[in-house]
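Here it is, the structure in full.
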Amino acid sequence: MSAIDRVRVQERSLGWHERASERIRQSERVRALFLAGPGGLWLLLFFLLPTAIVFAYSFARRGPYGAVAWAFTLENYARLFDWLYIRVFLMSVWLALLTTVICLVIGYPFAFVIARSPRRWRNALLVLVLIPFWTNFLVRTYAIMLLLRADGLINNALQWLGLIDRPLSLLFTPFAVVLGLVYGYLPFMILPIYASIEKFDFTLVEAAQDLGANAWHVFWRVLLPLTLPGVLAGSILVFIPSVGAFVTPDLLGGGKVVMIANLINQQFLTVRHWPFGSAISFVLMAIVLAATMLYFRIGETRRI
Amino acid sequence: MTMTPTILAIETVCASGMGGMEPLERPIDVELLDVTKVFENGVVAVDRVSLQIYQGEFFSLLGPSGCGKTTTLRMIAGFEHPSAGEVLIEGRRMGHTPPFRRNVNTVFQNYALFPHMTVFDNVAFGLRMKRIPRDEIARRVREALHLVRLSGMEERYPRQLSGGQQQRVALARALVNRPRVLLLDEPLGALDLKLRKEMQLELKHLQMTVGITFIYVTHDQEEALTMSDRIAVMNAGRVLQVGTPMEIYERPASRFVADFIGESNFLRGTVQAASSAAATVVIADRFPVKVPADRQLTVGQQVTVAVRPEKVRLVPIEAPGTNGLLHGRIEEVIYIGTDTFYVVRVSDDTTIRVRSQNDRNRLDGGLLLPVGTPVSLTWATDAARILTE
Amino acid sequence: MSSLATARPATTMRSKRRFSFGWAVLNLNVLLTFIFLYAPIIVMSIFSFNASRQMQVWMGFTLDWYARMIADERVRVAAQNSLVIALVSTIVSTVIGTLTALALERTRFRVKRMYEAAMYLPIIVPEIVMAIALLVFFNLAFTWLDQFFGLKLNFGLGTITIAHIAFSFPFVAVVVRARLADFDRTLEQAAQDLGANEWQTFRHITLPLLMPGIIAGALLAFTLSIDDFVITFFTAGVGSTTLPLEIYGRVRRGITPDVNALSTVMLLASIVLVLGSLLFQRRRSF
């Protein structure tokens, strides 16, 4: 083929290639629409749109009989600055943080032991952790109630052992709520940390020991930094549901421990002040969003 | 450096050893015209590659990792589309035709056997897609398995087979469709050495039996030299040289080819005198050597002369007939069983590696020449080549 | 943990001695945690067989509470509702979730990042937020439909099911997507090389090999639906009940042992589902 012919082949093929590529891109777009469409639509209609409506409501007024009167006002948000409500927010964040820390302290060593067990035991142990994790949350919370009641097992045992004369009121206290939250969300902390430790290269520990590090140094300077992604993931997975918990403070707090979700429930079903409830709901979303962004920020800066 | 079509045609005529038929008359099964592939990240994987692969050839694409050979193969198969240029199969432009409409089949590097199907179902897959009647499928599958010596394994699952057996199932699965061209992407990479050498011969015999065109991708030059009718050496997306194994080895066209295939000594020198077919090059400022050239060089030009270690003869200076081309001293002696390598220093900045066959028992007969021995080196005139980078 | 006295690397003997105390503590932690995790539910299960109404004493083994539970009409209705909702929700979530996973792993489009982030929202956001949003949405939608079309719809099994699908299909998508990400693409290339077009490749190769992941996702969706409380609570309206709602109502009214029986049954059902899901997830693709 002569040089001129070759140039012609090149030119012709370039334009042709571009048109063919465009055709392929179009059919790809159709396919994307077909695959992503159903999920996107469902989410839009039954999640994003509802959330937008709640957002709109938070600026509305409460009409007669609890209906929503369309207006634009910031009074709902302003009302949140009342100490009454601030206290609820603080309490929720505080209890959630407490839960997270306790889960971390219990969960990290737990995950460590499992990750270091012989292989054939590891799967069995994981399954044992997963089983309570998957059983009905309501049922598990109820089971804790049974234990903490005045005539429950713990009080009976303590009385029987002679340690106390009268039953302790364990139920309907912040202690009960935190216990319930830890009980419910501990596996959320254990699993990501386990995944991190499992990937950890333990010859690094040997190298550190060879260089003179003791157990604490090995943990603090080698193991923990490198398993931090798991720790962070577990923390966010525990914190967020805890701060938005409903069932646990409802059953185990019994009205004495009020968290954000209980407040929302109150506003919507009891007091029937929907705009105010919407505002609270949005503040909760803001807290969750802030926590998530914090998580991503920490994750970024610590990227090795 | 791509060879111009004229020279390529001449070389092919000279190299032809196939049953007397003029290679220019043989049908071309696969042709690539200035095929280029640029990926989205800007990497130019294949750069204006033009090839012609004849029917019934065992053609290899040889080159280091990342040279673009696999991408080229995938463009022939249809898994990638060229950014520019044309792929022609049996004379027809393929364009963006998807793989399932091309009359080629591929043997993948990881075999890609369907784990949820038996060996029979794997091999029958292509035939079933073409809706061939059941009894014919059964017959052809059995035939194909017999061809790769796996009869009786029909009901096994891939995970129950060894690596070599899986590889043969992959072969059978491709061949049963009677494609015009078979593409093989480093199929022997996962096998151990002994098995690999066995399979190389088996594949070669298979190809000759079946008569299909094989296009074979490998980074192992020995493999390519063993099996191929012709080889295309690639680097950095370009085809550097196309030729028979002997041509590639004996007359490498560039430094890369001379270095990648086998071993070479690269000697710098200055042209002292030149004609249209040869030049006298002064090596290491001291030794004038006559070297064949493919064109007229200019006096004073700096060139590189390439000569392979096994082509150099080494004789101690005291012995009779020691008028060599160069002389120097032995600097290093490396004994590797079949041969002995001598590293000879001929000047302050030049050493030459010489491969000397151990044709005598070293222990009782010929002793190795000790380090420091002054030696004289010589080689046949056409054993050396002038390279342009 | 005591520190090493010198910088010498610890000898094997010394490290064994030093670490055995640490390991004892760690193992004790594990043991106590397991006890902590299982004790409440085991106690509850045991007392579901207790012949006495009270927790303090054990008055003999009985299946009375279970009998009462089975005979209870409300429980039966609740169980029926739960199952129907779970079945419908599972089927629809699995289909939508699988399509979404395919969209995320196998296609490219401009707003994909946003789409992906949106998909994770139902998983991350606390349930109460979603529950409230749906309550508000349905309420508004029903009012609007009544006003403009005369269509009188109400809260009930339908709204619950829609809500369940909304929060479970992202979970299915995550599970199936994980499976897709690990998928050996050369198998699909081989199928195409052998003459299968895109649909045939999907049908004969991709789908069968993806099936264990899809089933794991389906089991997950089923479990999420059966167990859900918060979102169901706010989208059920009056008159519709599911098993978790039933349990909640009875607990709020006062603890009776038939709640124990019901809870134990739900517990066992969950365990069976979990093990089933795990088995499917671990079943390697051949």
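As written, the chains take the letters A, B and C, and residue 1 is the first residue of each chain.
Throughout what follows, a residue touches a chain if its C-beta (ideal position, glycine included) is under 8 Å from a C-beta of that chain, and two chains touch if they have at least 3 such contacts.
These are the chains along with the protein names UniProt gives them: A = Spermidine/putrescine transport system permease protein potB.
The model shown is predicted, which means the values in this text are computed figures rather than measured ones.
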item	value
Maximum centroid distance from subunit A, chain identifier (CA atoms)	B
Pair joined by more contacting C-beta pairs (A-B or A-C)	A-C
Whole-Å gap between the CA centroids of subunit A and subunit B	58
Whole-Å gap between the CA centroids of subunit A and subunit C	15
Partner subunit B, residues of subunit A touching it in the complex	1, 6, 9-10, 13-14, 16-17, 20-21, 23-24
In the complex, subunit A residues that touch subunit C	28-29, 31-32, 34-40, 42-43, 46-51, 53-54, 57, 106, 109-110, 112-114, 127-132, 134-140, 142-147, 149, 151-153, 156, 183, 186, 209-210, 212, 214-216, 240-241, 243-247, 251, 260-261, 264-265, 268, 274, 277-278, 281, 284-285, 288, 292
Touch list for subunit B against partner subunit A, complex	5, 33-34, 81-86, 95-96
Parts of subunit C lying in touch with subunit B, wherever the complex brings them together	184, 186-187, 189-198, 200, 204-205, 208-209, 285-286
Residues of subunit B defined as touching subunit C within the complex	77-79, 98-100, 104-106, 108, 110, 112-116, 125-126, 129-130, 157-159, 173-174, 177
